[in-house]
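Below you'll find the structures, each written out as structure tokens.
What follows is a pair of complexes built around chain A, which joins chain B in one and chain C in the other.
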Partner chain A sequence: MSDFLVDATSRTPKIELNAQAGTLLLAGESYPEDVTQFYGTLNENLDAYFATSPTALTVSIKLTYFNSSSARALMELMDRLDGAASDGITVTIDWYCDPEDDITQEFAEDIGADITNATLTLHDLDRDDE
Partner chain B sequence: MEFDRFFKFSQLLLNDQFVLSYSGYVSEDILHAVGETLRERLEGHAKSSTQIRNVFSIFVELMQNIIRYGVDGPQPGPTDAEKPSFGIVMVADDGDHMNVLAGNFVSADEAKDLTERVNTLQACSSDELRALYRDKLRAPSEAQSKGASLGLIEIARRSSVPIECSSEDAGNGHYFFMIKASV
Partner chain C sequence: MTSDDTEQLIASLQSKIAALHDDEKSALTSDLTALQALYARKSRQLDRLVKLSDANEAKLTKANNTLADFSQNLSRFVPKTVAEALNQTGSEAIAKTERRDVTVFFSDIVGFTTMTERMEPEQLASVMTDYFTEMTRICDKWGGTLDQFVGDAIIIFFGAPDSAGTEQDAVRAVSMALEMQSRLSVMQANWDAAGYTIPLRVRMGLSSGFCNVGNFGSDRRLHYTALGNTMNEAARIQDLCPPEQVLVSDDCYLRIRDHIACEKADEIQLRGRAHPTQLYLPIAKQDSEAKNIILGRETGFRLYVDKTHIKEKQNVITLLEAALQLVKED
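Moving on to the complex of A and B:
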């Protein structure tokens, strides 16, 4: 399949799903006007990617801010990734958080605790990434 | 509006301690435009990037609550809007804290319901709020409308002091519901 690339806006993150490399990047801000539509498109493309029977996917989350509606969409995204991992795809999730943002770190920790098949690791988000 | 009323209004608002205030009908476009302005203003007022993040986060959740749950006030709103939601949002620096206040019209039932939700959150520790947020995130959609919304819990978590609320009878079955968080 072809790559799925979305440019960042001031309220939606950059998305880079690189099918050849087996990588997914989400970077930037997330408080979309229509959360369901924004993450729905990503989910459709992910499903299409998983349908090609890849061996592995490495996911990088570098979100500097996301609102509570996006939090729910991200939780659903993590469930989808975990589901793919239970189907035999090696899914590695690297979640980058601002070390000063306790609430986002706790969110990533809680999400990580709910994931059973994929691997989620927390990292410090460099200021350069913002 | 006559000049004397306009002047009184300006004396209330045009003080340095007010980082930003918005009153009027709220939409996603307005949330975005006012939110970007708020961030620029906070760069000059806030004590840290953490304070900016928390104030901005509370602001977004408050504005989206008004968009979703606000009703038209006693004065008829614009007819072209899908669902006119009138509200006031204010960010004010009292020296110690950045206070974020929002007010909007709701029905009598909603005012009672919202007050109960805020009172419940007021009594929660930060660990309890974290657990509540986690539960709410996982709640099936039919249960999402019950209890405090995810947005309200987010506001409580980002606030340095327990969130407060108050409501005033605005007549015609409307209540003006007010909520305050501080960072």
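Moving on to the complex of A and C:
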């Protein structure tokens, strides 16, 4: 399958799903006007990627801000990734948080507690990562 | 449904399952356990979302407060009317320049150079801060766009970025000037009491007509101002104005004459005009506010009565009677 690439806007993050490398990146701020449409497209592409029977996927999340609707979409994304891991794909999730943003860190930690098949690791977000 | 209700429902289901045959019991117990786990997970997700929503709200409040502080500071450095227009319509709306019919106000302190030479710097700073603060307050009250302070001079215009109609813009501009002179007579009494012996006397000139208004300058630094002959005329008329008075051009007079009483003053020859221009001295506003105000000024005499602001009426009557008796004495 071809890569799925979306440029960042002031309201939506950059998305890079690189099928060849087996990587997914979400970076920027997330408060889309139509959150269902925005993350729905990502989910469709992820499903298409998983349908190619990959062995592994490394996910990097570098979101500096996301609203509640995006948070819900992210939880659904985590469920989808965890489901893929339960099907035998090695899914590694690296979640980068601003070290001064306790709420986002706590949110990512809570999500990690619900993930049973994929591996989620928290990292400090450097300014260069943004 | 509360969490207590949920627990009761689960307990009820568990007791019903317990009464079933073993084969049915096993399948339903498994489903119920899975349902409980899913419910617990959804509850956790809901808690997370609520927590995140609260945190985002707190961030938004903080950002709003920062923005409010910034706006307040901004309005101290750019005209209030321009800051409001920026806030409401964005920078593009006032970035353009356009031909507008405005009324321009110029003021200048008589003998300011002498004042600066004879007053202590601290005294001068105190007087000038009081002066500019009060004049700015009155400008804002009447909706003027404070173009700039140039040394001791103040330049204000009415009619851009917002206009109440050319006639009302002129009426507001002249009303503002009259109130400034009224207020200055009171402030002068305070400065006298504070021992500042040099009088602060101000000339004020106004003219109405077309100017090119907007943001002028470079793309890095812009200044919202008006350019045109009306500005030059207002400056020239202010030069000719007697101290502690307000002088307006004939164009301005035509706009205010139904609202503000005026006396004819001198005729002058303004650049670019074929005929001499008649100037006028506005006296007082012919409205309910003016009826409550009495102003008077002679050598050794200064009177300012604003009935709407008197709190201790008897004290005022006593003062006026004492003053009257003193003046009548030989």
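The rule is short, and it goes like this: the second predicted complex is superposed on the first by the 130 of 130 C-alpha atoms of A that agree within 3 Å, B and C clash if a C-alpha of one lies under 4 Å from a C-alpha of the other, contacts with A are read in each partner's own complex, and residues count from 1 in each chain.
The working rule: a contact is a pair of C-beta atoms (placed from the backbone, for glycine too) under 8 Å apart; a residue touches a chain by one contact, two chains touch by 3 or more.
Computed from a predicted structure; not experimentally measured.
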item	value
Which superposed partner A:Glu100 touches (first chain B, second chain C, both, neither)	first
Which superposed partner A:Asn67 touches (first chain B, second chain C, both, neither)	both
Contacts of A:Met75 with chain B and chain C, given as first, second, both or neither	both
Partner chain in contact with A:Asp7 - chain B first, chain C second, else both or neither	neither
More chain A residues in contact - chain B or chain C	B
Partner chain(s) touched by A:Asp124 [first = chain B, second = chain C, both, neither]	neither
Which of chain B and chain C A:Glu33 touches, first, second, both or neither	first
Contacts of A:Asp110 with chain B and chain C, given as first, second, both or neither	both
Overlapping contact positions on chain A, where the chain C interface meets the chain B interface	65, 67-68, 71-72, 75, 103, 106-107, 110, 114
Complex contact set, residues of chain A against chain C	65, 67-68, 71-72, 75, 103, 106-107, 110-111, 114
Chain B - residues contacting chain A, complex	28-29, 32, 35-36, 48-50, 53, 56-57, 60-61, 64, 130, 133-134, 137-138, 149-151, 153-154, 157-158
Partner chain B, residues of chain A touching it in the complex	10-11, 31, 33, 65, 67-69, 71-72, 75, 98, 100-101, 103, 106-107, 110, 114
Residues of chain C touching chain A in the complex	41, 44-45, 48-49, 51-53, 55-56, 59
